[in-house]
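Chain lettering (A, B, C, D, E and F) follows the sequence in which the chains are written, and residue indices restart at 1 in each chain.
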């Protein structure tokens, strides 16, 4: 299991900076929003938490399609399926590796990008907290989507189509925590829901992912 | 040439609805913005043109990574390079096929999604015009990015990183046309620039793409 | 015969038109595909029987 | 423990391809599968490896004892040869990679990224993986593709050593491996479609 | 028109692999390249096909006359066999696909999506592509991988017909194709790295 | 080849042949009943009900809006049940019924959305507002789209049935979650519903009875469509199997 995690992390680092790229995408989306909607500071401040959350979500999404597809194409998945590792563990490790290479850097970088969008003062802390609580759910749900579409050529777009509606609750509660935090409102309820979603997804979805993957390997 | 175009279109249709999926992604991004930034109609109306342009851009971007990569992986690109077709024609056709399957549906669907974001009345016409003028540039620039990253595993994210800055001028002028149109301002200057960018990209970039592709095939 | 729909005539009529159009399209598409496949299957089964 | 296949019917894409196939593979023995292109050898091997369920019939003695090597080798081009091997060694919890590297003359290449190997070198790496699994039953699909004569000999030596150790091997191939092994031609087991209509549970209803 | 290769030095990943290689391939003749794994056969064929530039030396008579078939066949899994072939026929502006289908016994499979073919059937499709190119010089990299004996015979027939028509073929392979053709072992041309230091233009500066 | 023991139970209708034979007999009645209910309800509602004192004639939209909204949700429920039956008992007809219901549910969702949007224009002054109810319907539509797209994208029918089944399951959980999330997200800004008609207050018998007939019509139409389309899907699979056999025999 640790071997698989280490290999995935090493691959992410080797393959042209898996760490850097999710981040770079996040950065660029954040930069493009003012270009697209115009530079008024008040407007930007009011949409900042939402945009940052959306950027993080899209950055996660964009790296999903290679999460399992590369292993599928070169036959590694077939070999892993016959190895002495339960497939549930494989998908969990994959999700973990995805979180470490994508989610974690986003959490750490979000405050810096908040500056670009005039995020109000108290918003920074809550933004980081909400991302830290929410991004694991994004990775786990994304792994499920990747497992669903792994055998399909051009699965990338189908993957987004399937995964995005599944991301809705996480996005709503996550952005709500960040937004409420930014204007100093109470954040307890949405944060609780967010943590609940993450915990639930972590506990249950790997089984669905493994089942779906087994079907796809047939 | 026509054979290649037809093949690419057929592949897009066969492979699980190449037409529908870019569109679906556009739809979903548009839906997620209010979920992230909150439902206030006035706020949404003011960011609507920018968000729609950004959504269209991301939808284009997401389908780029398979534009040349699939042909590379299965060896078709090697074979096409030795075929009696200039590589410049190949990349132009590829860009055209990408536009027909992604850009065109976006142009047609944008007004419907404008409704979701409370786009002001006169904005619809200008949104469609700006997208029609700008999406060809997105496809051509995207093809250049795809040619640059074609040999690389995990090229998807690197591709976004390279292409997004190249998209900046198109996005700025495109969103500006849509925004000005929405509030009834004069749109002549940015529209001219936008058309200029599209025409310039169409005329020159295929040569750069072909050159880059030739290097990558070595 | 037509009831007086007042100033909302456009609204109500377009709602009815859109819905009925959508329903009709759904039914027509279903019937079209159904008919075609029914014919295809009969052809196919007959051919299989003939060829053994 | 024997690998026993009895009265196996397998299907690909919903169509039965082989039916009524059975054999026993004892430890220390190798069995070579032959048959024309498209008869169903790959499908059979995938079924035995547990990657797809059989339509009917049983495979026993396969559970967690199989090392499967398909057309694709599961090699990561950005990892070095040694890193690739070490990964599989750790997944299977087996020992060191040095013997495997030596058996396929990869020691000199061990630091090279696997993506820069030639077709035959890649294949050798794929075969070396078998040695680090520690699994007793090797299930191999056209293992000698792209190998030169020297490498084919290395492969034959590896198989012989594996058999001597008490392992067994099931190999689908079209060419001569220079191994003294039983040969099973699967052509006679081609599924008779008229008769095998019952293969698809759905189709059954249409008798 | 002959395909002439003279004093060719080729490199892979910046390292010269073969040096001083030369031969002439006349119409109506076939040349078989042999050599151990990793010697540089694939690199040589890619150079001749014009996909990568040689370090030094010349290749003449190749421009727009070559049909190249590599390990990967450029087959689209979602298109049918006939659609795949027809596409290449139209790209090369050649005639119908029927003769190609027949030569490799693909007529029965022509409506099948290419993704559902077995390894050998796919390979046959890849080879059938050569026939629709109408190009005189075939450059083939291990063409008979995964083929059964019957298919290898079909391939040999196709080659013979091609040669009889005045075409020529350059084939890298490890196994016996049953063709009466000249054989060139490339092993003696392995680049001597100490001497070939000048090969890399950058290296040269360090004299 | 069906076991005789099964014949008496409901499960025997999971046999494709039997299903086809039974629905074949049932279809004319279903179509007629659906048509009668729909025409009666809509004509009654459109021509013979009074206008609402506040909403004017727009209230007539309710005869399309509410039944389609109901069916949009119920179709998903039916797909969920059918998917579960497939995953647990592996009856092919059940999986195909789920597949057949997908597009029908999607169209129902679209009708609810479109009639709602058209209704919203005079009532709320906007085509669209991010009201929780509307938003959750939009998300439901996305789930339908994904579900249909996944069915279309997969070649092998059993694989497709398995994968879409699991998606339907997981999707249902997340659709429910979204529903609560959306309620939470747009609580304070709830601007639309206050303008809409309050059920207890306004839905008098004059509106209620034709509405019931319309709902019955939509339910019957849904059943008829799903039965018919399931039959079509069964034939499509049958043709696939025959073609495969023919090819393999050739």
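What we mean here is this: a residue touches a chain if its C-beta (ideal position, glycine included) is under 8 Å from a C-beta of that chain, and two chains touch if they have at least 3 such contacts.
These numbers were taken from a predicted model, which means no experiment stands behind them.
Asker: Among the other chains, which touch chain B and chain C together?
Answerer: F
Asker: Where's the contact count highest, between which chains?
Answerer: A-B
Asker: Where the centre means the average of the CA atoms, what chain is farthest from chain B?
Answerer: For chain B, the chain whose C-alpha mean is farthest off is D.
Asker: Quick one: compare the interface residues of chain D with those of chain E and tell me same or different, with half as the dividing line.
Answerer: same
Asker: If you take the mean of the Cα atoms for each chain, which one ends up farthest from chain F?
Answerer: Chain centre farthest from chain F's centre: E.
Asker: Mind checking the centre-to-centre distance between chain C and chain D? Centres are C-alpha means, answer in whole Å.
Answerer: Centre-to-centre distance between chain C and chain D: 52 Å.
Asker: Centroid of chain C to centroid of chain E, CA atoms only: how many Å?
Answerer: 54
Asker: Could you work out how far the Cα centre of chain B sits from that of chain E, in whole Å?
Answerer: 37
Asker: Which residue numbers or ranges of chain C touch two or more of the other chains?
Answerer: none
Asker: Hey, what residues on chain F touch two or more of the other chains?
Answerer: Expected reply: 139, 142, 145-146, 149, 153, 155-156, 182, 185, 238, 245, 247.
Asker: Can you list every residue of chain B that touches 2 or more other chains, as numbers and ranges?
Answerer: 15-16, 21, 24, 28, 35, 38, 73, 153
Asker: Along chain B, where are the residues that touch chain A in the complex?
Answerer: Listed in rising order, the residues of chain B that touch chain A are 12, 15-16, 18, 21-22, 24-25, 28-29, 32-33, 35-38, 43, 46-47, 49-51, 53-54, 57-58, 62-63, 65-66, 70, 73, 152-158, 160-161, 164-165, 167-168, 171-172, 175, 179.
Asker: Any idea which chain C residues touch chain F in the complex?
Answerer: Touching chain F: residues 1, 3-9, 11-12, 14-16, 18-19, 22-23, 25-27, 30-31, 33-34, 37-38, 40-41, 44-45, 47-48 of chain C.
Asker: Would you tell me which residues of chain B are touching chain E in their complex?
Answerer: It comes out as residues 2-4, 7, 10-11, 14-15, 71, 73-76, 78-85, 217-218.
Asker: Over in the complex, which chain F residues touch chain D? Could you list them?
Answerer: It comes out as residues 1-2, 15-18, 90, 92, 155-158, 237-238, 240-241, 244-245, 247-249.
Asker: Under the definition above, what is the set of chain F residues touching chain A in their complex?
Answerer: Touch residues, chain F against chain A: 139, 142-143, 145-146, 149-150, 153-154, 156, 159, 162-163, 166-167, 169-171, 174-175, 177-178, 180-182, 184-185.
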